[in-house]
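Some structures to go through are shown next.
There are two complexes below, and they share subunit A, which is joined by subunit B in the first and by subunit C in the second.
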Partner chain A sequence: MNTEQLMTLAVNKNGFVFDPENGISYTVNETGLFILQKLQSGVTKEEIIDFLTEEYEVTAKNAESDLDHFMAMLKALNLIEE
Partner chain B sequence: MLQLDDLQISIAVSGLKTGDNPQPGIPVIRSLRAAGFKGKIIGFVYDAMESGIYLEDIADEIYQMPYPSTGAESFLTRLGYINSRSKIDVIIPTLDSEIPLYIRLQKELQELGIHTFICTEKQFNLRDKSKLFQYFTSEDITVPKTVLLNSVAEINKAIQDIEFPVFIKGHLYEAYKANNIIEAQKYFLELQAKWGLPVILQELIEGDEFNVVILGDGKGNCLGMVPQRKLVITDKGKGFGGVVVNNPALEKFAQKVIKSLSWRGPCELEIIKDKEGAFHLLEINPRFPAWVRLAEGCGQNQPAATVLLALGNQIEELPPFKPGVLFIRHSEDIISNINLLGEISVNGELIRKQKKQEEIK
Partner chain C sequence: MKKHYTAPYIERNSAGNLNKYAHTTVVRHQDNIDGVPIKNLVEKYGTPLFVFSEKHIRRSYRRLLETIRIHYPKVEVVWSYKTNYLAAICNIFHQEGAAAEVVSRMEYEKARSNGIPGNRIYFNGPSKRKQDLQLAIQEGAYIHIDHLEELYLIENIADELAIKPKVAIRVNMDTGISPMWTRFGFNYENGEAYRTVQRLVSGGKIHLAGLHTHIGTFILDPNAYYWAATKLLNFAQTIKDNFGIVLEYIDMGGGFASSNTLIDQYTPGELASPSLDQYAEAIGAAFNASIYVKEHNPRLILETGRVLIDESGYLIASVLGKKNLPTGERAVILDAGVNINITAWWYKQRVLPTKPFPGTYQNTVFYGPLCMNIDVIRSAMPFPDLYYGDTVIISPVGAYNVTQWMQFIEYRPNVCLINETGEVDVIRFREDLSDITSREFIPDHLRQI
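After this line comes the complex of A and B, so read on.
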């Protein structure tokens, strides 16, 4: 997975995300912010699922499903590439 | 940061209208003041209702100018009169329609001791909307397909090569998106009546639009460059909010444009990035844009640099801009006195700080 574009994002602790290259901004909820920060620190998908199951009351299966959905949105926004 | 604190000169700036279609004069003046300029600001207006006339602490003196369409002679006569009343050292013209006059009058202005830092006639002509496609395509800079229309009937031929929706643009100002031939014909007739021929039909490219304010040194280099993406767009297509972006590929594209023209002076590039990530040049405006204060706000006071360049100073490249700096345009009512309107309407001039200046002398 190519996260080069994701690395350029300025992520505010309140969940406000600014893409300095395109001038587009996004907002993410607490979980989205958690995932974005993990992705920016180079954590793998499997590790993120572990973090999510530790941090939240969620099964690994549900966490993976939600993470896939979130990643699909990042991909649609050209923030990550497979 | 550039400072103009010690500069005891007079700087004339045109385009003082704000409101829904703001001109760049007021932000240019504010940037000069922000650089510590304490000398005299002279405002050039074409209309007594230009709102900047009524702002206190903007222009010390205001003079009404003849419209550029009246010709160089009346323009120069008026400049000579103003210069005899109040010595002008530098003029920063900010309106497209007056730039050709200032270019043509360079020699006469020099004789009057008036300095400018603007593009050459050749540069001005090459960036003309009607020549942009032809010139830049040969320079390997992509421009949306463009056809010049001299009659409404020519739309039929043009759309054989360009699909709807398209832009229909006036020769100097205004652009409309036309979704079909009926709309294209309607906008053609409107723009023809307003701005004359040719009317321009241009391919519409979907994507992200960026605007870049640049100060070129006339040798192919950019002394300053600030790119922004519009965040708030009015129904007239005017950007009333924007954010500074950091996009190296966009900057490289803009530099290529400036190098190709060896652009001298201020300009604004309108660029679109298509869905495949390729950049296309939409327009080059030969003056500062109305959002030029964003350049000052993110570390590049380009109007202040222009004054120094006009005076013949060598300046270094302006410092890097700060991405993420935002501007939001705000309009408010100015409360003034009808006497000011009377003064500018009857006398064609308004001397606001004469007493203060006399006291200083």
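After this line comes the complex of A and C, so read on.
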């Protein structure tokens, strides 16, 4: 997975995300922000799932499915590449 | 304590694409039907589950009748069997005073088995066979003639039975809308309908009791009914003037739109579909301007089924799974598909969660259980997170689904009715293998495998 584009994003603590390369901005919710920050710090998918289940009221199975979906959204927005 | 979880979500910010109807993006939830908790219905009857509200059905029927009566008092609203011919549903309308409108032998027999006498049945449809007509004529039903072969057949039966059958001529016409439905009956503008009446009268064997039209389905322009009524009433006057026949009734058919939203329609159905009053006013304006009506006061008949039943029916479905589509949308697989909810192909039906969800929504596509790509209940709509076993409620689904549903790879589910006091009855039980195999025959040489 290529997260190069992700690394350039400016992410504020309220979930406002700005891409300085093209001026596009995004909004993420709290969990999305949590994952985005973890991805930017180079954490693996498995570790993110562990972080999510430690921090939030969610099962590993549901967290994994939601994380997969979030990654698909990031991919659809061209923020990550396979 | 751990934090409350909502599924992660990211959305590209954009301006200028606000919904002009200012529709709220908050997805409401519906946890009961007529006060009966959906949880209880699901526990007792399983999913998928069709649920009908008797209270809503009766209210719809009365409201339509009262609305039309304000504009034209001599009106009869008959129940269109093809829209929903579950016996319990039909009987609600019959208890309210509705006669039956049928389009086939099967529906005719169904109406008779519901206790409706032949002389309270209006027999439409383009495919009445000789034995169907014999039975209906013997029992005094009104036959609505669709084509000339039918007219000749009715004359023969009249001779055989020594009965003068009561009929109406089906008329198609230009009412200013597209598509123009020309396949039913005889055309008004090119004189075909007039020539048919001429032929019928010259035969002298049939009693011409009325005129019928069916201008289309899901008609979003009420003015079409004004033109249809005006043309039929002018035609009735011509028949009176030229043949001395005074018609008993003018049957305006069906076609009133429900609050559903057509697939290609931008404006939501609840805003785009005309109100009952608009339809009533259009028909009433034509009737009240007609000299024929002033002199002869014919009965106005309406056979509009969808508007009476669509909003009274719900479909509860369970989530079997979810997956992520390459587009970034979420897909949810439900246990109810287009096999039982065929009108999902025509409408953007309302899909609601059955419990409140906090958090944000994701674009979600709802698929059914069939092994076909076309089994889509609802294309992408913002929806909260769903997990295995959650339920959703789909509506309006009361019209055409429990008649057009397919027995394809699944058993058809329970259908429940919530009565006016909140009690629940199953009005059609879930099918089992015997429903599929009882009509099959295995030749001897194929019994051993």
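Quick note on the criterion: the second predicted complex is superposed on the first by the 82 of 82 C-alpha atoms of A that agree within 3 Å, B and C clash if a C-alpha of one lies under 4 Å from a C-alpha of the other, contacts with A are read in each partner's own complex, and residues count from 1 in each chain.
Everything below uses one rule, namely that a residue touches a chain if its C-beta (ideal position, glycine included) is under 8 Å from a C-beta of that chain, and two chains touch if they have at least 3 such contacts.
All of these numbers come straight from a predicted model, not from anything done at the bench.
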Checklist entry - A:10 contacts which: subunit B (first), subunit C (second), both, neither? => result first
| message | Tell me the contact category for A:47 with respect to subunit B and subunit C: first, second, both or neither. | response | neither
Examine A:20 and indicate which partner it touches, taking first as subunit B and second as subunit C; both and neither are also allowed.
-> first
Winner on subunit A touched-residue count between subunit B and subunit C: chain C
Worksheet entry | First, second, both or neither for A:81, with subunit B first and subunit C second | neither
Touch check for A:73: first (subunit B), second (subunit C), both, or neither?
second
The shared contact residues of subunit A with subunit B and subunit C are 24-25
Seen from subunit A, its contact residues with subunit C in the complex are 17, 24-32, 34-36, 52, 54-58, 62, 65-70, 72-77, 79
The residues of subunit B that touch subunit A in their complex are 208, 210, 228-229, 231, 242-247, 273, 323-324
Listed in rising order, the residues of subunit C that touch subunit A in the complex are 2-13, 322, 324-328, 330, 359-360, 362, 385, 387
Within the complex, subunit B is touched by subunit A residues 10, 18, 20-25
